[in-house]
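Chain naming follows the written order as A, B, C, D, E and F, and within any one chain the residues start at number 1.
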Amino acid sequence: MDQLLRIFWGFLSTVLFGGLLGLGLAVASRKLKVEKDETVEAIEGAFPGLNCGSCGYAGCSGYAEAIADGSDEDITKCKPGGAPCLEQIGKILGIEVDTDAVRMVARVHCIGGSDVASRSFNYSGISDCTAATVLFNGDKDCKYGCLGMGSCISVCPVNAITKTANGLVEVDQDLCISCGKCVDICPTAVMRMIPEDADLIVACNSRDKGKITKANCKVGCIACRICEKKFPDAGYKIEDNLSFLRYDNRGEGRAEAADKCPAKCIIPNKSEKIEETPSAG
Amino acid sequence: MREFTKGFVRENPIFILMLGLCPALAVSTQVVNALGMSAGTIFVLLGSNIMVSLLKNFIPDEIHIPAYIVIIATFVTLVDLLMQAYAPGLSKSLGVFVQLIVVNCIILGRAEAFASKNTVKDSIMDALSMGMGFFFGLTLIALIREVLGAGTITLFPMGSFDGVIEIPGLVSAPVRIISLSAGALFVVGYLKAMFNWISSRASKEEF
Amino acid sequence: MSRFKTFPKGGIHPTDHKEATCHKEIQNASLSSIAVVPLSQHIGAPCECLVKKGDTVEEEQIIGKAGGFVSANIHSPVPGEVKEIKQIFLPNGIAVDAVVIEMQGEFKRLGKEETSSDWSGMSNEEISAKISEMGIVGQGGATFPTHVKLSLPKGKTCDTFIINAVECEPYLTSDHRVMLEKGKEVLEGIRIIQRLLSPGKTVIGIEANKMDAVEYLQSLVSSEGLDIDVMPLEVKYPQGAEKNLIKAVTGKEVPSGKLPLEVGVINANVGTCLSVYEAVVLNKPVIERVVTVSGGAIKNPLNLKARVGTSFRTLIEDCGGFSEEPVKVIAGGPMMGFTVYDLDTPVTKGTSGILALTAKEIKAAKPTNCLSCGRCISACPMGLNPTKIFKYIEFNLSDEAAAAGLMDCVECGSCSFMCPAHIPLVQGFRGGKKVLRKNSMKKAGK
Amino acid sequence: MSYFAILITYIFISNLILSQFLGLCPFIGVSKNVESAVGMGFAVTFVMSIASLVTWALYHFILLPLGLTYLQTIVFILTIASLVQLVEMVVQKYSPVLYKALGIYLPLITTNCAVMGIALININSGYNVLESFTAGIAAGMGFLLAIVLMSAIRVQMETEKVPRFLKGAPIAFISGGLMAMAFMAFDKALLNNLVG
Amino acid sequence: MTATMEKAGKLALICAISATLLGFVNSMTEPAIATRKAAELKAALSSLLEEGSPGAKEDISDAGSVTARYPVEGAGGWILEFNGKGYGGDMKILASYNEEGTILDVVLMDNAETPGLGKKAEKSEYMDKFRGTGGSAGPVPVTKDALDSPDSVSGATITFVGIAAPLNEGSAYVQSLGGN
Amino acid sequence: MKDKLLISSSPQFHHPQSTSSIMWTVSLCLLPAGVWGVYIFGLRALLVTLTAIAAAVATEALLGRVKNENTIADGSAFLTGLLIGFNMPPAVPIYVVVVASVFAIAVVKWTFGGLGGNWMNPALAGRVFVFFSWTGGMTTWTLPGNGSADTVTGPTPLGSIKAGLMSMSADIQGPMDLLAAEGVPVSYMDLFLGRVPGSIGEVSALLLIAGGLFLLIRKIANWEIVVSYLGSFALLVWLFGGFRYGQGLFSGDVLFHLLSGGLMLGALFMATDMVSSPLTSKGMLIYGAGCGFMTYLLRFFGSVPEGVSLAIIFMNIFVPLINRAFQPEKFGLVKTEEEAK
């Protein structure tokens, strides 16, 4: 009997307690309704959640909030998310987005390793490219090449960049999430973004005149214009003493131009590793 | 199957999700405590996940948190009462942590994040997976701590076996601090580092 | 502690090594047959080149015209023919165009009597114009065009004019010798500047390790009855850094990010005053300067008066060449100077010294991790936390580095000098500043 | 136990984090920078002291007299959860400044075992109402102390060459272990010597 | 308002079901817990005695660390319950005495001593140092130095003193009672 | 020439001290105290010290290899090992020494990034780790016996006092009295010279002070820490130290407390570890004072006889916070604030 009485008391007090609580919460939730923004959550869900900061916000959630409250109208800032992410955000916000952009990846435009590019002096100091450039813009004679000290390595959020045996760095394009941090930090601007499906690259960044380039590095682009002149459809263009290759229009003779390049600095983007590039001369 | 195995490493509640840390550290001085705690937690997790996924349409959004809490607390109290009655030794060595299952972040977390959105069957799977992950993590911590910190492995007494395996050499002069609070934090810290390493390798391979 | 004034925070006491040259009179350096004259020897816009290959130039002819307001003319140091115009690296790592002149023809002044003119009749504008025309830049190291510094902006007045005769860099003795040998001329230069600025008071700040110069100048000042205070200062590096000098002399602190004029001070180097005298009185542009050539690897260290464009090699040979293989050859002093790898680097208006140091002198060691010893903090005259700033830069946290005061760093090197871990802190700061500038440009571009 | 002894006990000797293992999730989660650690610390202290009072009253005036101690868990957790919500609403309404400082941390406290833990410890130790309140405050202060010290350490570690896999949570745990080791300087015997 | 009431009602319903369920479970486990506790205590008490059986508990509040006593029926003497001060806080100790105040046996009950150190006192062998001491049989060792092998308590002196001191008091207490 | 000249950033020359010269100098300054320890405690003390050093250096070498760095020559691991050896009782089991060194280098130092990364003093953390693990072995002391073969154990002066205080009779005026009453005849001179039981390197106050003074003159050890540590501790002992003996204020035996235990080793050589102490003068003063207070608290009230190790590592926890609170004052900042007004 006593037991039953206690169960009853327990029952009653809990019911009252729960009821009151439910009532209070229901009333309160109505009275103090805080607009909980579901779009923020939805947008954040669309991001890959790497918190890499390439969008310029403190984390994925920061960018999501900025998009949701309209303070940032550019929804393409999440590079790692790529097209699928864009599409999803577009759906959430109900706007049309153009999603056929190809994924961009980083690529070092230099094959002037220690075996082919000459060095000006005996550097002693911090092993960091930016710091090294405060002394004569780096210890290579070519002031546009990769210094190989790996400032880019330290900023890459996914460890996609590694040093090579000949004093350069290389990007594992499968890992690259297109955040662009390495491009930002590289003091010689030798790291540039290219489309993932790029066939060839001009692996040189030297804006020096041909003669100087040649003296500094055996595999530097000497701006001889063979690629531009002989293969006018191939998309090569010389600017600033350097050949640039276009990827939006891939005409005839691209590979052939690579063959004809006297410096042999036009190389396939992927199949060949940097170490295996022909060291001309 | 993937739903089930995720708890072990990929989404291990302790090491990857970093939930339910307090019991993981507090009751891991002896393997037997870890086993008991895991059993209790799995029971509550299973019960609450089932109930929540059953009632997900019945419970209005505004009161879902208190409702989940009541459900969880009910199961916790059940475990507590049963343990006190039928496993008094365990109940004593787990102390308040049995009652604290109620605030174990894993349970409310799973109810919120999984059971409230999925079917009963998936929720059971999830509960088992998370529970097994918790069990695995907790037992690992307890094993390391007890072996190093006390030189023993304490299990349930069975027949003539008194439940304690002594590690020769260690038992006479164990690294006692490992069984104290500082040691727990060291062990979890390095295990977490190990899991970071494993999962970073795993994610590289997935690419 | 000391009876002399100094700045209160930070500072270091490196061995000064000045005894090698401080008693040696200034000698004329040889002329090299080829002069390489960079077209930017100052802070500010590079000069516009007025000559081309094959041109014949006269001594003191303007070959580079000031390329803007903050810029200074460049004159040919020798008569001759322009062989080429090529790009070279200055010791500070900046690539500039340089006019290469092969010496031929006649010198204007060499061996001739100096003709001096009286400046008392000239107006301030005329004096200013003269200084500007003669291409005078600050010779204390910053090479800031002097005519710009001496033209007070509207509404500003100069309370104190400080002559920086501190020469706190070890080894260097050129200012010291100039004061001893050209004391009168320097004082005259100061009087010219006094005319321009009409300062409340004028102070010559000299470190107490040059008491002979203090006494000499004091005797000149009192015999000529000038309104100049010759103030000996405690020996402490970087007493010569302008903000610290101002603090030491006047007790005022120039606010972070502001110029000395903010507290009513203008300061100029001794050599600058001498150049002003030469320009205004002798009508002579800056084509030569006094360079201390010293260091353990130099056979016979000297103070040399060298023409701009002369190669380091020539000056070193004037000193008898190397007595042993140097590890570093430095343009400037050991604390702020730049290493060069090419001995054909030319002397410029800002070259105060050429040092060839041995391994024993530089005391290099492999850098280790920071020990958090705090020596850099107690050494920093700007009250910064160098180790923290360096770590921010190391971990790519430029905004945090800026907030911690990176831009206030004057790169005096006190921190790196003291750091037992041999961390190249200053190099990090220079890299960090570079990144900050890049970022702010990017922001501005957006 | 005297109130002083309770303070020393829960701040140093039985520090919630470093010796009791209560409230580790926020300890690891919210200690990445000093400002939020301070905010969280104060929020926890605030909620704990109030929760100590309320749960004590509930236990001694309702559960015990009615013989319903078996409903302790359910009642306490519900009370704490609604208390946190209530505090949040009240603070939001009457002190926007305080809300700004504490607001974002309050919801995190609901499932913090420290609050529930101290409520249970109060009951199990047989404290009277003022002792419970003191224990609540002291435990909160112990939490505050630990999390603030930890956050300063973690911020410093951001710019040290910590091996990649140890960065973040592992370093926090191991630092916590070293802290716990140093806190072992304080034991019950020290307290006994101190207060006689 | 009905929606609000409905929500409150639903929560109340869940609470009600929970409370009822727990009430029933509790009504089953409560007696089980009570009997188990009693049995445990009884077992502990009788383990202290070779002959006789423990009588009814009497709470004591004015005898230092002695908190309760049980007269030993059949054999004479007492079982005392103490509150000792250990390293990790209070320790509950039970000890049986003969009528002269000599310790027959001791057990350490609830305590929070350190495993490997103070917890060693939970083992029966630990109490060998006390058995047969006190009263006419000689003094209870209250410092480590009074032991034959002080090594066995080294590193845990506080626990030792925390047990020894009450036992010593108990011996005097029993003598002061003078028989049943 | 081109390739031989070194190109580096200013400054181009350097103060003579380097990390390695500092570490080796500190080791050298510790050497006399260690030689004394071996002289009075026997070869076992040497074995312990060498084991500690070997284990520390080996661990450093191993972990350095993983990170592809060779950091042996900087001497910090050697010094850590040496200090661990110095903090061990001569008769401690060898495995305890090895664990202490491995823990110090692997957990306390390398987990946080190696030299300079650790926020806690590795040697002391190592010692405390093994102290709490093997309290018995860590509290068995050898009586000084000029290296005779069979060692005799006995308590340290501080240990005797801790024990003696429990059962003290009324007429005892201070620690020296108490020691006499306990039958441990120790004079101030014994404490000063180091003719007492204790850790290998801590007993000889004289030699430690001599080494420490050298470090202070060389500015390797910071006077701020040493002065505020010893000063605050002495002040507290003088003020309140008499209470435990039923005396009034201002009657503590300062000399006894300064000379006994590991205080000199701790204050001169371990609290001054630059890595785990604050960066600025003010911070160092606060830190030193904290160490002094904690040492007083633990020595007079703690359950362990000695408090120096725990005091220092406890204060280590506060160092990051102290460093935040006591930043150097920036030049030229005062003015801008005035302007703002």
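As a working rule, a contact is a pair of C-beta atoms (placed from the backbone, for glycine too) under 8 Å apart; a residue touches a chain by one contact, two chains touch by 3 or more.
Keep in mind the model is a prediction, meaning the values are calculated, not measured.
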Intersection of contact partners for subunit E and subunit F: A, B, D
Centroid comparison with subunit B (C-alpha atoms), farthest chain: C
Between the Cα centroids of subunit A and subunit E the separation in whole angstrom comes to 68
For subunit A and subunit B, what's the span in angstrom between their mean Cα positions? 40
Centre to centre, by mean C-alpha position, how many angstrom separate subunit D and subunit E? 31
In subunit E, the residues touching two or more other chains are 7, 10-11, 14-15, 18-19, 22-23, 26, 87, 117, 158
For subunit A, residues that touch 2 or more chains besides their own: 6, 10, 13-14, 17-18, 21-22, 25-26, 120-122, 124-125, 131, 134-136
Touching two or more other chains - residue numbers and ranges from subunit B: 60, 62-63, 66, 70, 73-74, 77, 81, 174, 176-177, 180, 182, 186
Listed in rising order, the residues of subunit D that touch subunit F in the complex are 34, 148-149, 152-153, 155-157, 160-163, 166, 171, 174-175, 178-179, 181-185, 187, 189-190, 193-194
Would you tell me which residues of subunit E are touching subunit A in their complex? 3-5, 7-12, 14-16, 18-20, 22-24, 26-27
Per the touch rule above, subunit C residues touching subunit D in the complex are 369, 388, 391-392, 394-395, 397
Residue numbers on subunit D that touch subunit A, as the complex places them: 62, 66-68, 70-71, 74-75, 78, 82, 85, 89, 92
Applying the document's contact rule, which stretches of subunit E touch subunit F when the two form their complex? 87, 117, 143, 151, 154-155, 158, 161
